[in-house]
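You will see chain A twice below: alongside chain B first, and alongside chain C after that.
== the complex of A and B ==
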């Protein structure tokens, strides 16, 4: 039977910046051993970004505008590290 | 896990132990894996008490310990990861270090910490103080870019495989990735077909994944399946694929196909539901520590049994185990929080073993 994990432990498995500019490059440190990070960008969908040497990089497409919240998870059990990065408008 | 009350009891002795920490130059250091002695390694890892609460057990081969046979081991070091793009933050964790003879060499470590090392000696219980460290690139074992634990009780190492167990917890975890070595020549996989999960909304969307480097004899292959939040999951396991996938539309699963000629179905080892990402199910497949499994192939496919969305399948993964067996001379058995332990040969932290 599968074990359902309910712990509130919040590991520091990923380290994204708090925000990224429109069209900017998102660089995320990863220490949890994940080989990819999962992104959800409203309006763009759900996709995976590979991790190379402890770093995941993703350049925002121009269709992602300021104010968008990007949801990120390393999906590493039993305590996935998750984060939200806000897209800020270019001045 | 170390309770907060237990940690408090150890604070006085910890302060003493911490103050006894010697400068890096005053000790003799053996580095495992040896190839990592003076060179930054390809990957990064976290440790119990820093990135998460839990335990890790390292099984070190005697061939990696020849120079410390019949010596006292007096401490451990871990160096910061130079590829990390973010400054490392100072922090404090409560840790326990135990050493003892292992019942197995690294290639043979099981996902069972007690079976690997039934009799361990506690050599340190106290705080682990991590210094703030900027990102200067590779600097080796220089302070303040090193985590150091000086044992309160030396461990006399005689010979044979050695188990080093590190248990840690922290009130607040902090960012201190350590350098980690990777095993070359690991396994691989290819995706077959398409997922028909309700989460797969665009062509090519995937709902099943595996860390390819973990496909190695003796390691734990960890498969992760994404499902709708209310769904259960099962992993179908077989040795080959059907030459022609079997369409499942007649069973009420439009767009779904069965690819794997399955002879076993594995229940999820762990399941978690996330409000944003939905259901996450992890399956552990322990690959035997037998060279005969090198290059072996198998296939898996996820079944999703949703309360609201009905039945669905993931794409299939055709997997090949690495052609070579692990050669780092060290295995790591991770037990994160209350999760099920798993064996890693493909990625292990670089350890400095201090000795007299």
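== the complex of A and C ==
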């Protein structure tokens, strides 16, 4: 199970879920109109996840372990919405 | 009856013309290959943009983070997610955001000892991971051995 460490400061933007497990499915609501979100995952790299119907969906690969912080942004300037989600280990 | 030789002269069979590649075909093929190569390169860059490579959009994000680090610590703390996202771009961003990284680390360490799951612990963990995104020793390089060690303890 994982939890949101810091939700975005903006009332609109991106809304990460309350929890996700190692290897779980991460669904993020996007209200900023962004067509894709950028993820930065330590040990995995930077990549973009498309937004479809206001949802960006990404399944964590098994190589992303508990304790990893996932940096996410819609990169909508000048006020990008950004969130950091922590992955926690499966029980 | 007298037999006389008859010589038949037939034209030699034409040797088949070598079917090489004409200049036009060669030119078109080269142009197509160059075009496809460029597109493929762009595609790879887009998909596998490493932590070290920055584009214009990254620059804008780093400038935003620089404004945060030049402002008061409260603002940096309030918008630390944006700062940390830019910091996680890699070495070039890390060099430009070193001042803010040190300020954030000092602020996290100055707060009272953290309990598991607190913002100090999570913040310390996020700062360390953003700093060390492409270099495991970057936290020591930027923060110094003592501060980096204390931050690691705080992140546990």
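Heads up, the rule we're going with is that the second predicted complex is superposed on the first by the 78 of 91 C-alpha atoms of A that agree within 3 Å, B and C clash if a C-alpha of one lies under 4 Å from a C-alpha of the other, contacts with A are read in each partner's own complex, and residues count from 1 in each chain.
The working rule: contacts are C-beta pairs under 8 Å (C-beta built on N, C-alpha and C of every residue); 3 or more make two chains touch, one makes a residue touch a chain.
All values derive from a computational prediction rather than experimental measurement.
Taking chain A as the reference, the larger set of touched residues comes from B, when chain B and chain C are compared. Of the two partner chains, both chain B and chain C are touched by A:82. When the shared chain is aligned, chain C comes close enough to touch A:42, but chain B does not. Of the two partner chains placed by the overlay, chain B and chain C both lie in contact with A:73.
On chain A, the patch touched by chain B and the patch touched by chain C overlap at residues 3, 5, 9, 40, 45-48, 71, 73, 75, 77-78, 80, 82. If you check the complex, the residues on chain C that touch chain A are 46-51, 57, 60-61, 64, 78-82, 84-85, 88-89, 117, 119, 122-123, 125-126, 129-130, 132-133. For chain B in complex with chain A, the residues that touch the partner chain are 42-46, 50-53, 81, 83-86, 173-175, 177, 199, 201-202, 205-206, 209, 211-213, 222, 224, 226, 232-233, 267-274, 276-277, 280-282, 336-340, 344, 347.
Taken together, the chain A residues at the contact with chain B in this complex read 1-5, 7, 9-13, 15, 27, 29-36, 38, 40, 45-48, 53-55, 71, 73, 75, 77-80, 82. On chain A, the positions that touch chain C within their shared complex are 3, 5-6, 8-9, 40, 42, 45-48, 67-69, 71-73, 75, 77-78, 80, 82-84, 86.
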